[in-house]
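The structure that follows is given in the form of structure tokens.
Residue numbering begins at 1 within each chain, and the chains themselves are lettered A, B, C and D in the order written.
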């Protein structure tokens, strides 16, 4: 079976998915829609698909699944429309910045029986997957403590931050999902600290750029998350999982692994400087997993519930910073 | 000038200091005292010094300085006695488990004008010192975030934990001091989470074995500390400092650095399995710094105030766990 | 301009090139030929191209360039035919196992003015390219000594070895080319040692499986090559270049870079176990460079002369082993 | 039993041994002799021993063993004198630069039944010992190929080179010994290449500064040695052993193991810049092994025969360079 795709949104991340779909032997990109015709045309000509309206894709008989890469505030509406249209849906995170809206959307998905996958791409990074496999194989025993380091090469424009819901909802949310993925048990409490150390304009916009978070599960398992909007040496993305029998960690990735030595020491190049080059394989694996789940009719993960759980942790972190106390979940 | 030493306490750590003093060209070990005569005799014969009573060392004219390695509950009293006796004092941490008692002791030290150094040996580890030097040289800009990972190879006997004041006061206290050493600014708030994941007996004794802590300074700098009484792969001791211009980190240490490769992969040996072998150089450097400060009449660091500050952070961490909220310092 | 390709040979390496050409925005795969129709059909259906005979490709007006992936003993003849047919030619190494035959073939290429690129894929590995760039940028000064380690995960079938010209001509030849690429000066002498340590059957076939080679240039620069048909830990491919001002090295590559620690130590996974996965990017870059050279009309490298030079070094190594002496080149 | 030592030669390496002997619980430094009284006095006052003449040490009843650190051209004579005087002898390498003289000296040692240890300190480096142990434990199977990289931070004065016997006899000789130590089988042939790339004055003195060597044993095991008098990044000392079942390697050593990251990449400090700091532990272990062998009456290794074997390989390497051919040993 070949899964026939419609792509909603032809921006930066839309292009990534267009390429992944076109390169997948089990999928075809049939059509693309975007508010900017030129953006849609560019993808259409590069990958040999049609430009259509969202309405046309919704009604199309030759499309099985959609990938939603439109602006965040359209996600929940589009998910509901395409769930009702009987399409399988892959949606970039987040579903929405409001928990109530997310819950309402998930309800529609459940009622329609639609398949919904949320784009937590990092679960599909080969290195992080390998750490998860080490855990699943029992090699480090029961997980006890997780450390996640996630630092961006630079701060985004303040305009973006105003729309994004802030650092906990746009950046840490990936780490909340990763913590859940690695802990294997739901966090029940959140402690967070936040400050503005990188860019005062971020603070003026009401957000933070440097945050530390502790999550704890009912049995006492802990995850520590360290985030910053600054990392001069590249995109810092590390995970470390400690279990009763040992430790598993994924190292940082760099475009080339060479070393140059002289009187100043031994120098390896900076890390990837952009999430799209860092997570190239993750994006391809993610769409492949979505395609495979549709083909096999198997359970989709991460689901809408995963998106909701990560958002709830982000909200709790915001509250913890404001109130200076531990926030319970659920 | 040669600094002439009296050693109080001939146990495990006393032996370490006896060896360091004997091997230092600017110091002589004159006498040793211990409640167990055999322990004192062993050091006396190994290093060619006398066995004396504490009183005799207190009154001795041929002794300039003492090293206090006796049980914790005797530290404050001995510091006061030897401060009054005009000796320079090196005391193993902690001064006392009670903040009020520590303050009273420091007051005596100040009134007598005595020199007091507190044994936070890790400040003298060559690798950690090198990280501090990178900061001082301005190579990573203003410090923003610190990550400290400190995991023991195994849990101590529950008896020890009952006397030690618990994990925050006997183990994390080193990391509180290291955080202060690296942040270069006083923490003003503490958030902590704690659990029993390693040994139920520790929980029954009222303590924890797995803890996560976030410290924050007035300007928003953050330090995250991760502690466990379990590390199957050896004594895990890492620091990582992020500044506005870059990052500096000290790697773990192992007795031999070889690598063996076969079909299972590339394997390097476990880390040091004991704090004394891990910190051999740190102990020697620490006593050398104490000797140098006496010789030059220079300021001693870490001081009694440093001991007090770390203890206050430990107390705040205990309180944060109990009350589920951020605890302000000072 | 789009370069239109004919593919000669639809085996393992043919598939790699078919995929690279199809994925390149500046190229189209028009036709494929193979003695086994099924092999050609498989590629034709996977990448949407035609199956043609070699003769048809030779005569085709809609084909600008060919990629020769047929058995070694057909290479020189095909190069001559397609040079005369006015096509640009990419040929897998070697051109031929006989130096005289290679020279004759290159003569035809020169006479016809054809473009010929020889498939020394490793020059296009991103890590090795980065080392070459470090040299070109003057960061390590004049190159003095090169160390190349190249070990296969396992020995090939003896049948292959009988046809391949032996270890120096099928395996070390890549390292001879790499040494020339890195030294930046022609080797003028060869010293080699060889033994059978891995598989007696290889010795019975008249070849070796474990060899060490020293090359030296006129100015005294040296390259040391170490080869084995055995490496239990994966495909070992390292280069190290020492110059007057410093050193540059490319590290081994593994599919996932994680580390697992326990009482046995810290273990990273084995390396890639196959040249095609190890050199995936190199194969794609290689074809992209060929396409770019055709488009721009720029000089092609590595050329037929490069293929000849590496073969001459292989012949000299064979002779050095047999005669127990240094063999001069040229 | 305490082994009572006389030290012959109070220069740089004499001080290293004086310190090691004084710090060893099973040894005492009784006396030191040197042609320069001030040098001897310095050691005598630092370690509390007497200054004596060589003759007095030879005749002394309170001395069991001597350490010979005098100039090379006195080694063989002193070994013979002290062998006849019934002392155990530790002699810095080489015994002599002339094979015939070494053989004559060893004959005297054998006739007198004296204990003689030759100072190949690297066998006692903890990292290299750990590699040897991996081999002995069968973890990498039968040894097949060895790679030794040994590069000095800088070239010695030309005066030294004139007296030292040249690079093969003063520098590579350590690697010849290491190759024998790791191969576990005697080399039967030597191939060597040499050039002057670092310092023309070395060439004018008739020596080389950049050499590559291949050793081979009767069963075909190979060792490749790469030497240079230049390494801007510190004292480069690596070994790598490939066996039928796997690989074992010892990494380079640096004084501090930290890493600093910024826009230029991740930088670790240079290596040790001096053989004495690089091999501090090796020197201490070496003397401890000598003391232990005397105490236990056990076999001493490395012996005079080991010194002779390494020198013979050095001579063969010189000959191989001159004659451009493989030189057979023995």
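FYI, a residue touches a chain if its C-beta (ideal position, glycine included) is under 8 Å from a C-beta of that chain, and two chains touch if they have at least 3 such contacts.
Molecules present, by chain and UniProt name: A, B, C, D = Inositol 2-dehydrogenase.
Remember, it's a predicted structure, so these values are computed and weren't measured experimentally.
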| item | value |
| --- | --- |
| Angle of rotation relating subunit A to subunit D [CA atoms, steps of 5 degrees] | 180 |
| Same vs different contact residues, subunit A with subunit B, by half of numbers used | same |
| Centroid comparison with subunit A (C-alpha atoms), farthest chain | D |
| Whole-Å separation of chain centres (CA-atom averages), subunit B against subunit C | 57 |
| Averaged-CA centre spacing for the pair subunit C and subunit A, given as whole angstrom | 40 |
| Touching two or more other chains - residue numbers and ranges from subunit A | 232-233, 245-247, 261-263, 269 |
| Footprint of subunit D on subunit B - complex, ascending | 23, 25, 46, 126-127, 129-131, 134, 139-140, 245-251, 253, 255-263, 269 |
| Residues of subunit D touching subunit A in the complex | 232-233, 261-270 |
| Subunit B to subunit A touching residues, read off their complex | 144-145, 147, 149, 151, 189, 191, 193, 195-198, 210-212, 214, 216, 219-222, 224, 226, 228, 230-233, 242, 244-247, 324-326 |
